[in-house]
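A short worksheet on the structure shown next.
Letters are used for the chains, namely A, B, C and D, taken in the order the chains are written, and counting of residues starts over at 1 for each.
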Amino acid sequence: MAQIQLRKLAHARSGDKGSHANIGLIAKQPAFYEILQREVTTERVATHFDEICDGEVSRYELPKLSAFNFFLRDALDGGGTVTLRIDAQGKTYSAALLRMMIEVSEQELKLVNG
Amino acid sequence: MAQIQLRKLAHARSGDKGSHANIGLIAKQPAFYEILQREVTTERVATHFDEICDGEVSRYELPKLSAFNFFLRDALDGGGTVTLRIDAQGKTYSAALLRMMIEVSEQELKLVNG
Amino acid sequence: MKTIRIGNGQAFWGDSALAPLLQVRHGELDYLMLDYLAEVTMSIMQKMRARDPEQGYARDFVPLMENLLPEILDRGVKVVANAGGVNPLACARAVMEVAEKLGLADRVKVGVVSGDDIMGNVDHILEAGERLANMETNAPLTDVRDQLASANAYFGAFPIAEALAQGADIVITGRCTDASLAVGPLIHEFGWQPDDWDLLSAATIAGHVIECGAQTTGGNCMADWEQVEDMAHIGYPIAEFSEDGSFVVTKPEQMGGRVNVASVTEQLLYEIGDPNEYKTADVICDFTTIELEQIGPNRVRVSQIKGKPAPDYFKVSMSYAGGYKTTGTLVYGWPDAVKKAQAADRIVRKRLDDLNLNFDTIHTEILGANACHGSALSGPPDEDIAEVQLRIGVRGSDKKSIRRFTHEIAPLVCNGPPNVTGYFGGRSRVEEVIAYWPALMDKQYAEPLVTLFGE
Amino acid sequence: MKTIRIGNGQAFWGDSALAPLLQVRHGELDYLMLDYLAEVTMSIMQKMRARDPEQGYARDFVPLMENLLPEILDRGVKVVANAGGVNPLACARAVMEVAEKLGLADRVKVGVVSGDDIMGNVDHILEAGERLANMETNAPLTDVRDQLASANAYFGAFPIAEALAQGADIVITGRCTDASLAVGPLIHEFGWQPDDWDLLSAATIAGHVIECGAQTTGGNCMADWEQVEDMAHIGYPIAEFSEDGSFVVTKPEQMGGRVNVASVTEQLLYEIGDPNEYKTADVICDFTTIELEQIGPNRVRVSQIKGKPAPDYFKVSMSYAGGYKTTGTLVYGWPDAVKKAQAADRIVRKRLDDLNLNFDTIHTEILGANACHGSALSGPPDEDIAEVQLRIGVRGSDKKSIRRFTHEIAPLVCNGPPNVTGYFGGRSRVEEVIAYWPALMDKQYAEPLVTLFGE
């Protein structure tokens, strides 16, 4: 087993919906989709964003796009016009998710490293 | 001989005079004054501040205070109200000077490391 | 097979002033879609209209039309824009003035979609039994009724199609779902009915993909961003929509940027909730069946889109006065920049304590160390960092406390940790917080109104 | 031996609002000295007076006096402040109004030193043969005569002593050398003559040491800054001046901070040129003979000060309209934050090139990497930095170009590198540059005028 950073396997984009944020997480290759599905669980994302997100996290699957949508409730200190955060609309939360360390098998590691 | 950073031997304060800046450099102990006198020359300071200072550098000695005053002409992109620099009044130039690496003998090094 | 080319030339109020011009010139467009309205924008426009009853729309749209008008008339490109903000009729009047100034008034028809502003009817709607509860908290609107500043229904695309059917060359709307700006022209061109769910869903997704401008063509894209070509001259996106309900995302060939599956996927997922049920006034879209295919350089085909019957309510976007806030900043330089900023923060908080002020929140960020992702995710800061910016924000309902806070930043320059700068803007401005109140409302309570200018 | 205690309670306009109060309460003062005028401040006040002829002084001084007046009268503390800015008479009128409101008008005399404003005489002075050449560039004033916004002579301390001799409890000045605010009381108390060079020099240096407030008592001090005690409640400095021309620097015992040789030395060297010849209107000071001695906890004795005859000219501080400037900012987040900011900078510069705009300077800084000390000194940036702030500034005489630049920042949010935020302030404000023109002028061309209010 090996620990690697999520950004090796995926890219992402994030934004706001009122006081919630969403992060679209996209596998760099369709073959990585299952690794993301296993590793980037709702629970792990909620823990990862503990300091930022005050509400629940939901995960939605979009296998045809090799992607997931994460919905983070109350993750913007009240939303775009209310918040005191510099990232008022969660535009950098995409990268925050990609900081996550995930566990992959040696075989998967080879796949990722191409 | 050894290379050490000036901040080991000195502290400093800086500010503006119109479009010029000054830096007061003060030996942490009177015994360091002569090292500063030898190492922190007008020429070396001018080279050190090449990117920041467009004019001449002058050095003034204040041995009774174990200190020097450096006067940097045209070092503020036009001065406090004109400049586009975040450090409009050169308040952090003191620390910039303390980045300088200077050369000391082994004996002096012992003195500095106390 | 008939195709219609819709290009986006503006992703938000403040986007590139040149983009619409270049899109018209190089995009071979049938329609130019311009999106000016973020949720944040509506509250800004509200403040503008409060100061001047002839304002409250995206002012930049008027000089833009002055530049574009001759060219769009010559090329036969129609414009659909939500530039109307909270005052679409005033916006249309200003555009007609420009047309007259250019001697083109007899060649231009401007259609306006209004009626989304339900501010005057809120009490009636509440009395009729709608709670207008906050979708996020479920609190009833009565909680903030007295502070309410604006209330607008998110209309769909049919009123836009109606304006085009009446002959409008330019359609100006107030609040409508962003994607409608693309869906309206497609309804008009293809003659769709309100229950063409799959087609309406496909058109909505086409609108969603292009509504954020260059975010689809390589801008703000994490996938291989360094490989995006000539970002300085990035082309804005075009949806080439076929009558079969598929579309191709592309950009003007002559311009920079990159349209590939990665950038289109990032944008598909931008600002959505449940991808099985993306709701607009006209349809519920399903994102999970979408298929993407790179069919040529900078051409991505989007197909297999399904839709479900529209909800029987409008989403309503309301704003209300929610107190005050301000953020004070200082820059601390090397060495030990983070330590100094932290010490300064502790000093300010102690002094605020002594003053017995009243805040709902005090929030500190150290830019360079933990501002975007917080301390836990950002990891230990670089001890040798060149400088950081300390940002202390306060929010609350007591304006005096917020104002008093603004006096506590500058003194640190002489009475706090050393090597401090970046304080030349003076005391920070106390801002009124305009908070956002999203709700649902039965469609009977708002009626789109189409008006034509220039007949 | 007679000693006089002068405390500083304000280092600049915007310094701690509580400091003067605490200094009066705990400092056992004879005089409270308040410094409001940086060079930058004069140009801000100039703009204020242009908008309203009853403004142009440090407004905060008036509510401060409202708070302090009963206490300073009870304790017999006199106040000397350059709060008058470019409108000392208006400032004095406002203070007298406050005294009346408090029912203390019959117990207060306010002395005003004016006459430093030579704006109305500039042409006369030029015709009389003075060049008023820029001390920094030697260019003649005629180069910027048409853009001239203000012209003030730096007066010395004798007019302040005169106001005190006339019985003033509060002395309000316009432009004078900062140290004069301390020298004036000492002249008055000790009865010095204009040729008491050593004493005037010592008093000037005492004023210089305390004029920047807490910078003498552990604030903004690089020497062991982490060891400074209770910086949240830092005491402001006091000079305890003896008739022999030595003085002790100290602070109120009850308060935090630290007075030691290191902090006093840093402040001695603050904003000086040639230490052999520090010139004011009253004397030329020599800093090279000064001796410092720690004579007790938070007590540093300053002695052995020498002075030389005063110059026969006044320094004149002038300001003129020098074009326009603005700075646009964006925040780029991890990963590769610096690379993204650099790419964005290249994009903006290319777009500005395309627009054919006219700037004197375009200046880019990346806060977190090179903003304070430049790239060469800051060294390679941390590749893993949490975020940086990109700051692009432009300056020039063509206002349209500067304004057009402000439209080029926000678009990067969607059409530039990814993970960008921090753009919610809207377009940056175009500022008029008020530039500074220091010159020398024969003393005959300006006459200090002392006026007493409240008799």
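Quick note on the criterion: a contact is a pair of C-beta atoms (placed from the backbone, for glycine too) under 8 Å apart; a residue touches a chain by one contact, two chains touch by 3 or more.
All figures in this text were calculated on a predicted structure; none of them were measured in a lab.
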item	value
Fewest touching-chain hops separating chain A from chain B	2
Separation of chain B from chain C, taking each centre as the mean of its C-alpha atoms, in whole Å	50
Inter-centroid spacing, chain D versus chain B (mean Cα positions, whole Å)	23
Touching two or more other chains - residue numbers and ranges from chain B	13, 80, 86-87, 91-92, 94-95, 98-99
Per-residue overlap in chain C, given as positions that touch at least 2 other chains	40, 215, 220-222, 331, 333-334, 367, 371-373, 387, 413, 418-421, 424
Pairs of chains, among all present, that meet the touch criterion	A-C, A-D, B-C, B-D, C-D
Contact footprint of chain C on chain A as seen in their complex	11-13, 15-20, 22, 24, 26, 28, 48, 50-52, 58, 60-67, 69, 71, 73-74, 77-82, 84-87, 91-96, 98-99
In the complex, chain A residues that touch chain D	7, 13, 80, 86-89, 91-92, 94-95, 98-99
Contacting residues of chain C [partner chain B, same complex]	331, 333-335, 387, 413, 418-422, 424
Residues on chain D engaged by chain B in the complex (per definition of touch)	38-40, 43, 135-136, 215, 220-223, 262, 265-276, 287-292, 304, 319, 322, 325, 327, 361, 363, 365, 367, 371-377, 391, 393-395, 433-436, 438
Complex contact set, residues of chain C against chain D	11-12, 14-17, 19, 40, 212-215, 219-222, 225-226, 231-234, 236, 331, 333-334, 339-340, 343, 346-347, 350-351, 354, 367-373, 378-379, 381-382, 384-389, 407, 410-411, 413-421, 424, 426-427
